[in-house]
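Labels run A, B, C and D following the written order; every chain starts at residue 1.
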Amino acid sequence: MREAARHVSNWGRWGGRDQLGTLNHITPAALIAAAGLVRVGKSISLSIPLDSYGPQGASGYRRNPVHLMSLDGGDEDLGPRLGNPAGSTEQHLVEVLRGPLRFNDDFIMMPLQAATQWDALAHVYYEGRLYNGYPADSVTSFGATEAGIDAVAARGQVVGRGVLLDIARHRGVDQLEPLALVEPDELEAVAAAQGVSVGTGDILVVRTGWWQNFLDTRDPQWGAKSPGVSWRCAAWLHERGVAAIASDNLAVESNFKEFPGIHLPFHLLAIRDMGMMLGEIWDLEELGRDCHADGVYEFMLTAQPLLITGAVGSPVNPVALK
Amino acid sequence: MREAARHVSNWGRWGGRDQLGTLNHITPAALIAAAGLVRVGKSISLSIPLDSYGPQGASGYRRNPVHLMSLDGGDEDLGPRLGNPAGSTEQHLVEVLRGPLRFNDDFIMMPLQAATQWDALAHVYYEGRLYNGYPADSVTSFGATEAGIDAVAARGQVVGRGVLLDIARHRGVDQLEPLALVEPDELEAVAAAQGVSVGTGDILVVRTGWWQNFLDTRDPQWGAKSPGVSWRCAAWLHERGVAAIASDNLAVESNFKEFPGIHLPFHLLAIRDMGMMLGEIWDLEELGRDCHADGVYEFMLTAQPLLITGAVGSPVNPVALK
Amino acid sequence: MREAARHVSNWGRWGGRDQLGTLNHITPAALIAAAGLVRVGKSISLSIPLDSYGPQGASGYRRNPVHLMSLDGGDEDLGPRLGNPAGSTEQHLVEVLRGPLRFNDDFIMMPLQAATQWDALAHVYYEGRLYNGYPADSVTSFGATEAGIDAVAARGQVVGRGVLLDIARHRGVDQLEPLALVEPDELEAVAAAQGVSVGTGDILVVRTGWWQNFLDTRDPQWGAKSPGVSWRCAAWLHERGVAAIASDNLAVESNFKEFPGIHLPFHLLAIRDMGMMLGEIWDLEELGRDCHADGVYEFMLTAQPLLITGAVGSPVNPVALK
Amino acid sequence: MREAARHVSNWGRWGGRDQLGTLNHITPAALIAAAGLVRVGKSISLSIPLDSYGPQGASGYRRNPVHLMSLDGGDEDLGPRLGNPAGSTEQHLVEVLRGPLRFNDDFIMMPLQAATQWDALAHVYYEGRLYNGYPADSVTSFGATEAGIDAVAARGQVVGRGVLLDIARHRGVDQLEPLALVEPDELEAVAAAQGVSVGTGDILVVRTGWWQNFLDTRDPQWGAKSPGVSWRCAAWLHERGVAAIASDNLAVESNFKEFPGIHLPFHLLAIRDMGMMLGEIWDLEELGRDCHADGVYEFMLTAQPLLITGAVGSPVNPVALK
């Protein structure tokens, strides 16, 4: 692991103040080339629905989103109910509602990583250091001051060439086995079979079929049994200059314990050493079918996180454009 | 107003079950053409920061986002503090933290329209009907069942040719006067002066400079004094087949009271009669400077809302690609 | 049912504008008498812990509370991390943290009825009318304007003589069977066996042992299988002038379907017709042991809801004083 | 200050694992005596309304509560709108709504110290130590593991003899001057003038009139200009064995800077050295009038915090019983 960490490390590669990590591989030329992949004018969303039926459980720091209406269709004749109101908002509403305008409004409460999302570079670390050597205590209760999602979002950086490697289809299954590992040679083999290359500045999208497993089972242990990439894929991604990786499981990587006592080794290498964002809980079913149908496994991928100050992750609606 | 409403109405135009409204103008051909505008490989985010210093006040149904860390850098040595824990999450963490992995995690609570955002078609209505004739009571406390932001997000539809009309720069000011009105002939004049056309399937982006007014003043009455487009612009947009409109103020339209007793007349016409989404509280300062510098006021615009089930609006990180 | 509803109805009994319902039975004399029950100087909390391990599930409008720290012990040396801050809060903190003061702060997000709680009179209704005939649409997205928990909280009204009827112990079991029904004659029998009376102005506390069932099983279907009182108990409570009722299950009443198609018939009679608040998800284990040990099943009970404007329920920390 | 800290310190006084601090002064005998003060059967709530019009601002870690309805009166005929629903909650509701039962439900999001509240002993600290020597890092992102509000709430401990000292009325003003200091000799003088003593186990309630200042001005700087007790009162409280102190301002103590560089010195002494909880933002207007009218400044005070696991404060509805 330590050797792998040294091998893939990008600390300092883009300067001591770099906040973007491997997104730096998405050069202006790469972006222009990516836009050239929009050939038939089709858009495919890769987001699961953000609602109360997502894969999170009833307790702990990850829950399903809570979406509540602050005004809804039942409030069409709200005005008289707000008569003689104390508050300035209610007074304003009473006046507004004397005219024709009616409106609905809403709130959300959610862990930023509850559903389809990006891990920011400040999300994981070890031995007291985040990506690029930033100290762990740069992330306080006020949020990340280094390597947060806001640095990426403010640059509008997450757009480029996306490449789908459909592992499940290549194996001839709807979904991989629980805890299955995807190794670098399988990535190679799938790319070759699909007739697509993975290169510098690409955003790699790996389909395991595991999201469908959640939809089929609604099993709260869904995430804990995720198949996914092996820690050895970090070096493979590094050597190719991949900009980011996303998958349809909980953590991109397999939850199979490859090392005793080390949880999420791919996270450690990818996020902390390489500076690579991970896209998790993406829905790749429609994209998989589409790429299979037309044989084109590359596309322009836009997946901009929200510009949430100091956040260590963000919900996202990734869209593949072909 | 009623005549204007009849003139611009798109009810039934794309079928009785349509959920996309004027986004239907973004055809495959339009999307391909939009991608062709990525010529220099540059991305510019049009989002304000989502944090506690946004333009919302201390009370009412719109507040600034609350971003809280559920785990942060101060928890690096959390394990012993969770010894003999009752809960399954804590037990799992104790085990994880025996190894090297450390991580940060976070939550957000926010009105969906607190910051840079899209209004869904279900956001405003009058006389008991939403866009396309959907009944007002289709929006319950469980959210919108028609014309919600989810219908748009699931299609990945909000990407196309963006056109900036920089009204403030054309008037030679940093920001328009409070409550200033932008009429159709000014839109025409600015487009002509900028050498850009506005046509079918375009997403029109109107710069008033008013976001900078908020940054300068932090005035809680910022929104109430917004300059912006006039209700008469609805017909102009309709005739050109514009797909959506966004601006750097609170409500796209000016808050000047054009009709006694009618609040937000442009909202009523655009959202409810035309089926046009409005993008609000966008930061157009950098884009304005960039377009002025290179003289190119058109770009590929990606602005995908989150796929929040039943939502009537969504935060967004809009990105201009040139 | 309709006859029962007529029989127990208190509409108009305390005036057309009454907001307190059967809490009116707690007269000054009753309150003085209740205070006289504090004889040994002992206090027993009847609250379950409000945290992520409560009885709510992963989806729907009832979830377990989310408690997040906005500042914690990991932020002891936060000051330098907030250097050159943009926000006024951060600037103030930097100044504060130059001195010795350090502090922790926190947030909660929760459904008001997620844990130990009171149902307000505005919580349930039928045929368009709340308690006292208030119209259903008096509860808008802005909250209850009639019969809300705030009317009760502002009066500090929920304090009086509490009486425990320990049904489980009387039956010689730790907990009642799933869906078991407690009928009025059993209430009578238990009171007689315990040597306690239930009279005007009392707050009746019924122990089924079902909270312990949740602790033992963590079964998400816990609530759906609750034993509890029968709808017939409404008349019994009415005739005695009971002020309120609470229990250690989900809904006070048994979830056994007593009438086809009618959910929660006791709720309908008690809350809407009688104007009686229900206390739910109370932990009565320690109280049960204590009353068994000293043979005293009466006590002063304080159980003040929070003064949340327009709320239809409230978390509460009920305390028995003996 | 250091000498004062040594003088008032209660570390170890009630054992090395004590979680209650000066609440230990409320003995069984004190509780019985307190109950004896309920002489006329009157209850007075000391809570401000918990809603969006509270004293918190638009940004920072303290905001006004957000109360949202998850179901309201506008959803009376929700059933058909939920037809063919995907989710289990919606399916259940469709079935329920075929019968007569209708209900309202709600959520709250709030900083635990946004309104009328108790500071837990884990709220403030200095030099790395909380009350009783507990280490600062015992408060993690998962909450306080020592000296939290839950330890107090689980004991039902906050009930006893309350004594109002009405400083404003004694000075002959509606409210004290901004930043005014109340010194120990004034506490003595007011007690003497009121004919009331302050002794062991009492909960002292100090009226400055400052809450009325907020109601009059809605000034966001209200808290920063609070009058209140001086740090010297800590010793006075210590010597008398007072159990807790509450006031109608932001922080019990005056915001006048008594020491350069030391914020909230009374907090440091009271909470961290003495182990005394502070009750803040209480509404003492009605209580003040009532005590003035009957000349009785003592009462039974119940003020139980919620049993929120790991919380460092809690909203409360304090009620005076006379």
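Going forward, contacts are C-beta pairs under 8 Å (C-beta built on N, C-alpha and C of every residue); 3 or more make two chains touch, one makes a residue touch a chain.
These numbers come from a predicted model, not from an experiment.
Undergrad: When I count C-beta pairs in contact, which pair ends up with more: B-C or A-C?
TA: Pair with more contacting C-beta pairs, B-C versus A-C: A-C.
Undergrad: Any idea if chain A and chain B meet via the same residues, over half in common, or different ones?
TA: Same: most residue numbers at the chain A-chain B interface appear in both copies.
Undergrad: Starting from the mean Cα coordinates of chain B and chain C, work out the distance between those two points in Å.
TA: 42
Undergrad: Roughly how far is chain A from chain B, going centre to centre by Cα mean, in whole Å?
TA: Chain centroid spacing, chain A to chain B, equals 21 Å.
Undergrad: With centres defined as the mean C-alpha position, give me the chain A-chain C separation in Å.
TA: Taking the average C-alpha coordinate of chain A and of chain C, the gap between them is 41 Å.
Undergrad: At least two partner chains per residue is the criterion; list those residues in chain C.
TA: If we look for residues of chain C contacting two or more partner chains, we find 51-53, 59-60, 66, 68-76, 87, 89, 107, 109, 137-138, 140-142.
Undergrad: Contact residues on chain A for chain D in the complex?
TA: Residues 51-53, 66, 68-70, 72-76, 86-87, 89, 107, 109, 141.
Undergrad: Chain B touches which residues of chain A in the complex?
TA: The contact residues of chain A facing chain B are 27-32, 34-45, 47-51, 59-62, 65, 67-74, 76, 87-89, 96, 98-113, 116, 122-128, 135-144, 150, 153-157, 159, 261-264, 267-268, 300, 302, 304-313, 315-317, 319-321.
Undergrad: Tell me, which parts of chain B touch chain D in their complex?
TA: Touch residues, chain B against chain D: 52-53, 56-60, 63-64, 66, 69-72, 74-75, 77-78, 81-82, 90, 109, 137-138, 140-142, 145, 220.
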